[in-house]
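Structures incoming, each one as structure tokens.
What follows is a pair of complexes built around chain A, which joins chain B in one and chain C in the other.
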Partner chain A sequence: MTDAIARETIHIDDIDPEFVDALIAAGADRIRACLQCGTCSSVCPSGRRTAFRTRELIRKALLGLKGEVLSSPDLWLCTTCFTCLERCPREIKTTDAIILMRNMAVREGFMLPQHRKTSMKLIATGHAVPINDANMTKREELGLDRVPPTVHSHPDALEQVQEIMRRTGFTALIEGQGEED
Partner chain B sequence: MTVSQTYSFFLGCVMPNRFPNVEKSIREVLPRLGIHLEELEGASCCPAPGVIRSFDEPTWLALASRNLALAEKAGHDIITGCNGCYGTFKEALHIVHEHPEKLRDVQKVFKGLGLRYRAEADAKHLIEVVYDLGPDAIREKVVRPLDGLEVAVHYGCHLLKPSVLRPWKKSARPTFLDELVEATGAHSVKYKDKFQCCGAGGGVRGSNVPVSVDIAQEKIDNVLEAGADCVLNVCSFCHLQFEMSQAQLNKELGEERYRLPVVYYTQLLGLAMGLGPKELGLHKHVVSTEPVLRKVLG
Partner chain C sequence: MPENRIGVFLCHCGSNIAGVVDIQRVMEAIRALPDVILVEDYKYMCSKPGQQLLKDAIKKHNLTKIVIGSCSPRMHENTFRQALREAGHNPYLLEIANLREHDSWIHSDDPEAATEKAVDLVRMAVARARLLEPLEEPEVDIKKTSLVIGGGIAGISAALDLANAGFKVYLVEKEATIGGKMARHDKTFPTLDCASCILTPKMAEVGAHPNITLLTLADIEAVEGYVGNFKVTVRQKPRYVDTEKCTSCGDCAEVCPVDVPSEFDANLAYRRAIYIPFAQAVPSAYVLDMDNCLGVDAVRCGKCKTACEAGAIDYDDHERVLTLEVGTIIVATGFEVFDATQKPEYGYGEYPNVVNIMEIERMLSSAGPTGGHVVRPSDLKEPKRIVYIQCVGSRDERTNRYCSRICCMTSIKQARMLREKTGADIWLFYIDLRTFGKGYEEFYEATAEAGVTFVRGRVGEILQDDETKDLIVRGEDTLLGRPVVLEDIDLVVLATGMVPTASTSHVAHLLNLSLSPDGFLMEAHPKLRPVDSFNDGIFVAGTAQGPKDIPDTVAQAKAAAAGAMALMGKGRIKVEPYYSVVDEDKCAGCRVCISVCPYNAIFVNERGASEVNPALCKGCGTCTATCPSGAIRSQHYTDGQIAAMIHEYLSAQQ
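So, the complex of A and B:
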């Protein structure tokens, strides 16, 4: 019976002691105060239907399991609803910490292919959700301008947005993620 | 009564590019309340807080600041009808106000681009501006009371949270949107887990459709259980989520089980103000709004 329950061993090589410090430096200042109460997991809409556990993610981050945390698809199941952040008895900015970890994950090359696509759209058009023919027609039928007065109507504004993304390194970051097949 | 005020209308992505019918209703209704909308020419994606902020926060902050800089130049505050855009601007302003060095980083990125940014323009959600007028002022505009209409109010997450960065009276169960709905004569119904997320945000809709739709389904089932005629929202992304998820669910089920009309606040208010369904884009929905129109127009 007991054999069926695998013992989980944490290897010293998997622990990066600097990971928590990096998180704290990036803004997750109270994260060490976590008491593992599980309030965050209990209010999580994603945790209600998946194996994602906010408490577990915070625990692993505190243990310094950088590779496991950053490569985990669970990191991308948070809807950023902020419910856990509102309820945490230790006032840890859980959602913000998740966003910070996601930033680190992308820098390490862990990005979901769909998210890369969304980023490519932003780089090409200035919109994460650009206009299409069907919606241009819909706009006309509604008596609105066929193309909205956004970057879609202003090539010079789009050029400015693209230059900002080049300067912040976003374009290189996304293009460096490589094509998924 | 009506004091005129002007805002830079920030459209975002989902509203103009996927649900222009919602945009249309905003353009019809707000000016009739004395809220004037000036175009924010050349604005981009806010950018989306769940995705772009998750990928690279400095890029998110720089692009959000650019949109705010455009409004600053125009001399107005931003007004938005999307909770995601609202969240982006509120958080981006908070960051540069709290950390002057981040404002300097943004200004450095803007160097030579002809953009001046001092983080002086604020961003408001349109429902905040409408609530400032007050439910009584809204009631005065009603010529066709929506008596008998049962409405399930969905606030959405980023409208309310993080609560320290939001203007609402501190409460775990706010009522401002319910008050504005009831000012039209409709009734705001109680339903289970009213404050639960729609499931679209955080890049979940983009990368994990089954989980995202499952969250929406739970919410829609709760609304249906309460016997509501429609689910009401104030966010183009929640709007998309409720519209598209029902179509997806029906396709999976092979039957038209989900037919809950999804109505944006300015569409509801517009009906009560006597505007026609077409003026409010109510004929361009994914899920037909017929049941609501039948009840309201007879």
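So, the complex of A and C:
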């Protein structure tokens, strides 16, 4: 297990005082009431297996360590099971806060390669997980059409789906970052 | 009507008011108002020179009415009224415009609007001042007898202080004995002296005191009257045992065939249907729990009566209703322990080896159900690994938002005793440790040195091995940032906090007392009137007012007793003349006012007209607003005065 105590000194430049305000404005209300009691970490099924520490993430966010939080791969280890949110004695929407931080991270250009690949697949095929032979066989066994009634069977609709992704900015988000790599 | 000569005095309150409100502009706006003879300002009107300025101006300018723009009248109205008295003026010819709480403090972001509002407030005050009338303060006698509700350490301390000062005291307790929750504790922190060793002498003193009438198994049913003259109805349940004859020999309990879980022992042991709560109970007598008794005749049972040589058992004992006349009341109704089943993730009530701190107290007591040995309830074995969890139900949005204050020290004390007695490994999970009292921090330090491990983090959940009933505790060591999973734990102790009792809300309802949002009794002022209630002559003490430890409880109880003594010692009190007055020529005798009065202050006199008892009336104005004939006026808040303020506000400024 890694030592979770940060060795680097925190300097004023690392702190973005507006980060918490942005989180609260986006919907993570009550986050400032956090007691740092650790209930969230102690019930986290992901944290028992990974380096993910809910409390620590919230603490860093509260301190305004925006860069560290948004660039951290740990941010993506939450399974959004909502146990922390249900147990939090201060009724902080921890899970919502994590989802909001992920949205911010993507907007700031931080995204795991796996997520980007999946997104690229979605743009290209209209499916995050396109159908394969095994699934087609399984569908036949279940008495379903071999190909589902999605863009797979309506290739003309793919263009419309791609248009939706373009207009919502999804394509730019994913491909824009592709260029940065 | 005599000529009005109004003086207006504007207080800067340092920069509290003047930092926001443009005092000069307010003065200019007020100066031209009719009847205003003088407009002055001063840095602190409440100061000695400020009051002198007021007194001198009254004499020099022959002022008839005074308007002061300052802080809330709740703060300094009395100060200024006294200044008026000293200037030979009737104190009720004063009107205060609240320029601080109602204006500068809440509009500090908009000085322009705050200044306009200040002008409006002072204009309205001047309009009302024109119609103010001199009022006389009625005096009432105060009975030199006190009622103390609740016989825990708070009620005991207050009752003894009052009784020793020579006042008669009725001490009303709902249980069969006094002693309260303190009697259930083993040791007290931070000195580790035994709770009953220091409590039972006080209990015995209450039992023997000639000035104290002790009423156990008793509840307050109704309260009428006012400061100095309360009439209290008390309903006392039958005990079925004559406390004078009973020798506490215990022969009755020996033959009683019924076992009932013992409330005193946190339901960890059984008592009989006829029982004494604990050996040093006061009154020292058995009590028959008729709800659980098999039957009082020889066919069904009746064994206890046969066994009682003293002939103390009386199956025909009956309920009594008593009427007490008292001058002051002290409410000390205590607390209950938080019900931990409300936190299902900790398994209390489901896992036998998860207990609360009160259960451990009983186990630690040598007079308790386990003779002083702390055991696992599942197999009665001595626990080797113990986990304490702090803040159970406290500091929690879902249950109690407040900190219960005593649980940190209670847990530390128990952990220290368990560590020293058994050498068990103890982990104490906390969010913040609050060891605020005298000698408490030193006690915490010594407990850490004794080998209790403190873990900074709150436990998220507990699991149980259904076979062994051992427990798995999941928490986080937040200082290391690592999850902690402790397996094979023998015993988990939940540091359950204090919650208000049902009796507190019941008594609060009867006495018209306010409760704070947490459900505890509200004091009249959190700093300056911490044991007064909003009702004159009624005081609050102990954990009924909020969670606190024994030293604070006793301090508050003694303060409440002193407050009651201050009233009763004087024997008379002036009450504010804010009562309603009935114009008998207009009163049709319809009695609508009687039906709406929340204080039962109105009666029909021998002339068939309504009449208000000034001592009972709180001046709420409900009758005034309800009277179909317009026969009632609220003194100092007359319709004319209020209408003048509204009219002034709505009319254009010059």
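Methods note: the second predicted complex is superposed on the first by the 166 of 181 C-alpha atoms of A that agree within 3 Å, B and C clash if a C-alpha of one lies under 4 Å from a C-alpha of the other, contacts with A are read in each partner's own complex, and residues count from 1 in each chain.
Operating definition for what follows: a contact is a pair of C-beta atoms (placed from the backbone, for glycine too) under 8 Å apart; a residue touches a chain by one contact, two chains touch by 3 or more.
Keep in mind the model is a prediction, meaning the values are calculated, not measured.
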Task: Three-chain arrangement built on chain A, chain B and chain C clash or fit - done: fit
- [ ] Would you sort A:P89 into first (chain B), second (chain C), both or neither based on which partner it touches?
- [x] second
Task: Partner chain in contact with A:V129 - chain B first, chain C second, else both or neither - done: first
TODO: Put down the vertex angle at chain A formed with chain B and chain C, C-alpha centres only, nearest 10°.
DONE: 90
- [ ] Give one of first, second, both or neither to describe whether A:L173 is in contact with chain B, with chain C, with both, or with none.
- [x] first
TODO: Could you look at A:A28 and tell me whether it touches chain B, chain C, both or neither (first, second, both, neither)?
DONE: neither
Open item on the list: Tell me which touches more residues of chain A here: chain C or chain B.
Closed with: B
TODO: Check the residue A:I58 against both partner chains and state whether it touches chain B (first), chain C (second), both, or neither.
DONE: neither
TODO: Answer with first, second, both or neither: which of chain B and chain C does A:C37 touch in the superposed model?
DONE: second
Task: Minimum Cα separation, chain C to chain B, after superposition on A (Å) - done: 8
Open item on the list: Per the definitions at the top, what is the overlap between the chain A residues touching chain B and those touching chain C?
Closed with: 48
Open item on the list: If we count contacts the way the header does, which residues on chain A are in touch with chain C in the complex?
Closed with: 1, 4-5, 35-44, 47-48, 53, 55-56, 87, 89-91
Task: Complex contact set, residues of chain A against chain B - done: 45-46, 48-50, 76-83, 85-86, 93, 95, 99-100, 102-103, 106, 111-112, 114-115, 118-119, 122, 126-132, 135, 138-139, 141-144, 148-151, 153-154, 156-158, 160-161, 163-165, 167-170, 173-174
Task: Complex interface listing, chain C residues touching chain A - done: 345, 391, 395-398, 431-432, 456-461, 474-478, 480-485
TODO: Going by the contact rule at the top, pick out the chain B residues touching chain A in the complex.
DONE: 11, 13-14, 16-18, 20-21, 23-24, 27, 39-45, 47-59, 62-63, 66, 109-110, 113, 115, 157-158, 161-163, 196-197, 199-204, 206-208, 211-212, 214-215, 218, 281, 284
